[in-house]
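Below are structures written as structure tokens.
Both complexes shown next keep chain A, but they swap its partner, so chain B is in the first and chain C is in the second.
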Partner chain A sequence: MRSGTGLGLISNFRFMEKERNRITINIGPVHPSTHGVLKFKVDISGDTMKKIEPEIGFVHRGVEKMAEMKYYSNFMPIADKLDYIAALNWEVLYASVVEKALKVVIPPRAVYLRTMMCELQRIMSHLLFIGHSGEDLGNTTLFMWGFRERELLMDIIEEVSGGRLAPMYISLGGMYYDLPPGLIPKLASTLDIIEKRVKNEYRALSYENGLFKMRTVGVGIIEANLAIKYGLTGPNARASGIKCDLRKNAPYLAYDKLDFDIITADAGDAYARFVVRVNEILESIKIVRQIIKDLPSGEIKVKVPWIFTIPPSYTFVRQETPRGEAAMYMVTDGGQKPYRLKIRAPSLYAVQAMSEIFVGGKVADIVAILGSLDPTPGEVDR
Partner chain B sequence: MISTFFYNLLAGYLPPILAEIGSVVGVFIVGTIIVLNIPLLLGWVDRKLSGRIQSRYGPVYTGPFGLLQNVADVIKLLGKRFITNQSIDKLIYDFIPIALSVLAALMIFVIPLGSPGLILVSIPYNLLFIYIFLALSPLLVLLAGWGQNNKYAMLSGFRGAAQITAYELTLLMALISIGILAGSYDISSIVNSQHTIWNAAYLPITLVLFVIASLAITERAPFDVPEASQELQAGWKIEYSGIRYGLFFIAEYVRLLVVSMLIVYLFFGGWNGVYLPDYAWFWIKTTVVTLFMMSLRWVYNRPRIDQLIDIGFKWLLPLSVINLIAVGFIAVY
Partner chain C sequence: MEFLDEIKAKFPNVLESVDGSNENESVLLLKDKTKIKRVCKEVKNHFDILFMLMAVDKPPKIFELNYVFSSYKTQNILTIRVNIERDKAVIDSISSLFESADWEERETYDLFGVEFIGHKNLKRILLPEDWPGRPLRKDFEVTDEVRNWTGLDLKF
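This part shows the complex of A and B:
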């Protein structure tokens, strides 16, 4: 293209000139706003981002390989730490894969309890997202409030399972324990408190606050086709107007018996992603209330031995975690351990899409957009 | 006036020249004690207030209600080793914290402390002096960024200087409109001119302009763009540690207090009030204004640097010019 003509040389020179004005800065891996250990190499010209390169792999633990070296039951605590903000969702997903391969059907009470735990975990994850968004934009009050409400649910989870961040509540074939007595009224009142605070207190501080809107509206826009191109799912895709929610589109657990809506927004910017998550909290509260109302009684697990074999098979299960569509593909060869376990982590696709979303934004938008995409390096790097 | 008080006290025992020197020393000691106590007290209030807003307790362990927490922090900062980079510009690096805190302290020396006679050094046009001490800071922020020889500190220094320059003019325009209306740049006469009606009642736009501009100029959140901790970590203070870093807190809190006092003097009638003595009225009003200025930090998030400069130059500055013209008309007719 650029031959030896004078014009070509000049344009070449200008091109170089422009390149020279660019500065490359590294953001992360140890940075309070990267939500874990994530690194970005950003080319900036002035204050505008020209090119961005996410670098992942700082918390790579070889989870998929670990699965091949453990008995089916022993992988559960590791599944739990894939995404440490939504541990129960991943526990349920892994249990579902193994149970599908084993052809075990879990009792209805366990199905409802699992659904409830998934939704509680979704509320907790989104509350943490709200808190982190506030922190990223420089509002520490929102951060403290988000964690305050999350703590209430943490207490519930602790009472149920004994753990907080990594509860280990789901066992193969059902749940480890039944709900302790007196938990349901406590849970109901907690949900009331959270609903009230999300609707009133958070509104003043975040989604109706002028300065908050100034920072998020029109920032980090994801067009619907970009979301499809990169395979974005979950709230990130729903904020771009794509009606994709596995709880509705391919119902699993008890979701086909529950009444709820898919929350979408059209703008596709950071503000839309925030609002979608806030509304999903309210929607999840609605779901949990329905579950409390018609929670069936009976057994909570079927007997599955600790060590067992699964005949050669290919099993694929996908479920909706707070970050989007998570999936596990398990190949078994008749042994006591899986032959291969492939994990699809929704955050990875969000991190990939960042290289296009960030371009044209300001440096200060990095934290705003990154926060609004809500990735977890634990599940990105596996 | 406190210097006259010291002079009269000493003149009975000493020759006039020694009494003069003694009064200067006395004023210096009193002023320094006041200045050094402001960050201790205001820092505690700030921590407690933020704690209450965020459903926390704030400091509780050190002293009653955690009152001694800041004293403990100062002792800790004093005991810390100076960790400095090899390549710093030593003179500027050491000079900046001292200059910033001394500039802040000078404001306390020339501002009335709640009643017409209660002033450390009485000079005419003290409002202009205070403005100058406030307005010198962008230069110092730039120098601070330069002296640390760190590219991030330098970038942040540019941001700080850009922000303060953008809002300084608005602050000046607001001050001028008050000065035109009162016919003086002396705080006492501005307060006296509000004897019947407060300036806040018929200059609401100037009040809003002044509050926004003074928040920006003191670099308090939501306008803490120069040290945006999520983007830049410590901003232009990044290489400072120990008591040098502590000196910045003196500057920050004294400036916050001075700005709150100015708002009370210029817009809320200063020490004018009924039943209670004048200093009581003044400090009640100042407490309310200071708490308000502090709580803004915990309600709003930070705007982006370009948005901040946009607001400053595209909205507040034209608005303040129009406001100034309007006030001029009011004053003439």
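This part shows the complex of A and C:
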């Protein structure tokens, strides 16, 4: 007995010595729950994180350089691969920048269709987030369910545009195609299904589930001033009680004619970020229903030639993507290609803020916090 | 625009408005790059974050830096535009004032080679440490060195 106690003391002592010289561990870059390729260098002592250094750039494709080498219209397929989970939002953003620089006004039906596509994409992105959260916390059923509902909308997008992940539906000056006949009733019934499942089935498995709450409540707390310090936007900021939503505060497309609320929560933890996104799905469903009701008829595009020039100008546009405020700043010099196109990806700021959010947390919570911030390496690295 | 007048009043000779800016997207041209930190300190009273930092390469002489600031309460956007010499691309870092400038400055350093004095961790961010050249410069060429780059010499 006595020698046993002694051994215990020695091992305790060694443990303390290790605590003095912290251990550095690498998480990623290829790890199933980094949602792509992100790497973290984490200094731990015991299982508490003391210092964390995110590393990015593993899927850097030089999108900003590619933009300078292509005609305005030819950049569209690259824009929709920036964030491969919310491709349509980026297509709309890029189209808006070029149209603003060209001073083209798109017809009302195209405005409403774009709004609808943005919201459908938001629902899909948040459903994928819910699925991934489930997977990150070991809840594979939720993962399957998230993808099951997303698939219903994927079918809609496929029917409309022909593509699934990278639809290429938005063209400069409007949309490529009108909605196929019979799509609206199908969409309406799909929304009913999703609403019912999110409200009822998901509740039991996620946001009112005791186990789920144990893993997320009080984990990865972002206080409002930390969110502001690092420039977090979108659901991550709204979960910290910041009422910022460009759809409401600086309306673009048809958002000023639609009735919806900004969803916020106060806690700022992983659970709040989850609940905000769940409620945003319901809010987006509300928006799409209104669009279906007053979708104007008429033209879906104005004619914009494939190759054109834009006189020297600076154009700045920002919009709300599912991950926050995305922006593009385009400089033109009168040529057929952009002189410079700077892309602001909201995920970049979320990843940057991780160096402070993680400090003091447990190693086992890394995946839960990372998942709750919902970054996409595609737009982080560009 | 009250904030615009206030900021301009503090720096009467070095800041001037640029035409073509609309109601809530104002652009100010800063003529003296050594004043950037003091101007940003004043901007901080009216804006919350550095929204983005865009560098534009204008050969043969100029790098143009566009600091875009935004606020959570109002929906105003302010761009501070400053020109620096291309062959001596050095400017004060504002990452001590705006935390979100940290990675934006690293990115500008990475892709353009602009050096930010006072930045605490100025190293490449998107590209590997041994990547040859600054790809977003207009005179960047795909040389043999770039073509044969494998990344195998990198130390982890």
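Basically, the second predicted complex is superposed on the first by the 361 of 382 C-alpha atoms of A that agree within 3 Å, B and C clash if a C-alpha of one lies under 4 Å from a C-alpha of the other, contacts with A are read in each partner's own complex, and residues count from 1 in each chain.
Please note the rule applied: contacts are C-beta pairs under 8 Å (C-beta built on N, C-alpha and C of every residue); 3 or more make two chains touch, one makes a residue touch a chain.
Small disclaimer: the values here were computed from a predicted structure and weren't measured.
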Is A:137 touching anything from chain B or chain C once the two structures are fitted on A? First, second, both or neither. first
Considering only touches as defined above, state whether A:205 meets chain B (first), chain C (second), both or neither. first
Pick one for A:215: touches chain B only (first), chain C only (second), both, or neither. first
Which partner does A:179 contact after superposing on A: first (chain B), second (chain C), both, neither? neither
Which partner does A:66 reach: the first (chain B), the second (chain C), both, or neither? neither
For A:292, decide between first (touching chain B), second (touching chain C), both and neither. neither
For A:364 in the superposed arrangement: first (chain B), second (chain C), both or neither? first
Note: in the complex, chain B contacts chain A through residues 50, 53-56, 221-222, 224, 228-231, 298-307
Contact residues on chain C for chain A in the complex? 20, 24-25, 27, 48-52, 54, 56-57, 66, 68, 70, 72, 75, 77, 79, 99-100, 102-103, 111, 124-128, 135-136
Would you mind writing out the residues of chain A in touch with chain B in their complex? 32-33, 47, 134-142, 144-145, 148, 204-205, 209, 211-212, 214-215, 362-367
Per the touch rule above, chain A residues touching chain C in the complex are 56-57, 60, 62, 64-65, 228-231, 237, 242, 244, 246, 249-250, 313-314, 316, 318, 325, 327, 329, 331, 339-340, 342, 344, 348-349, 352, 381-382
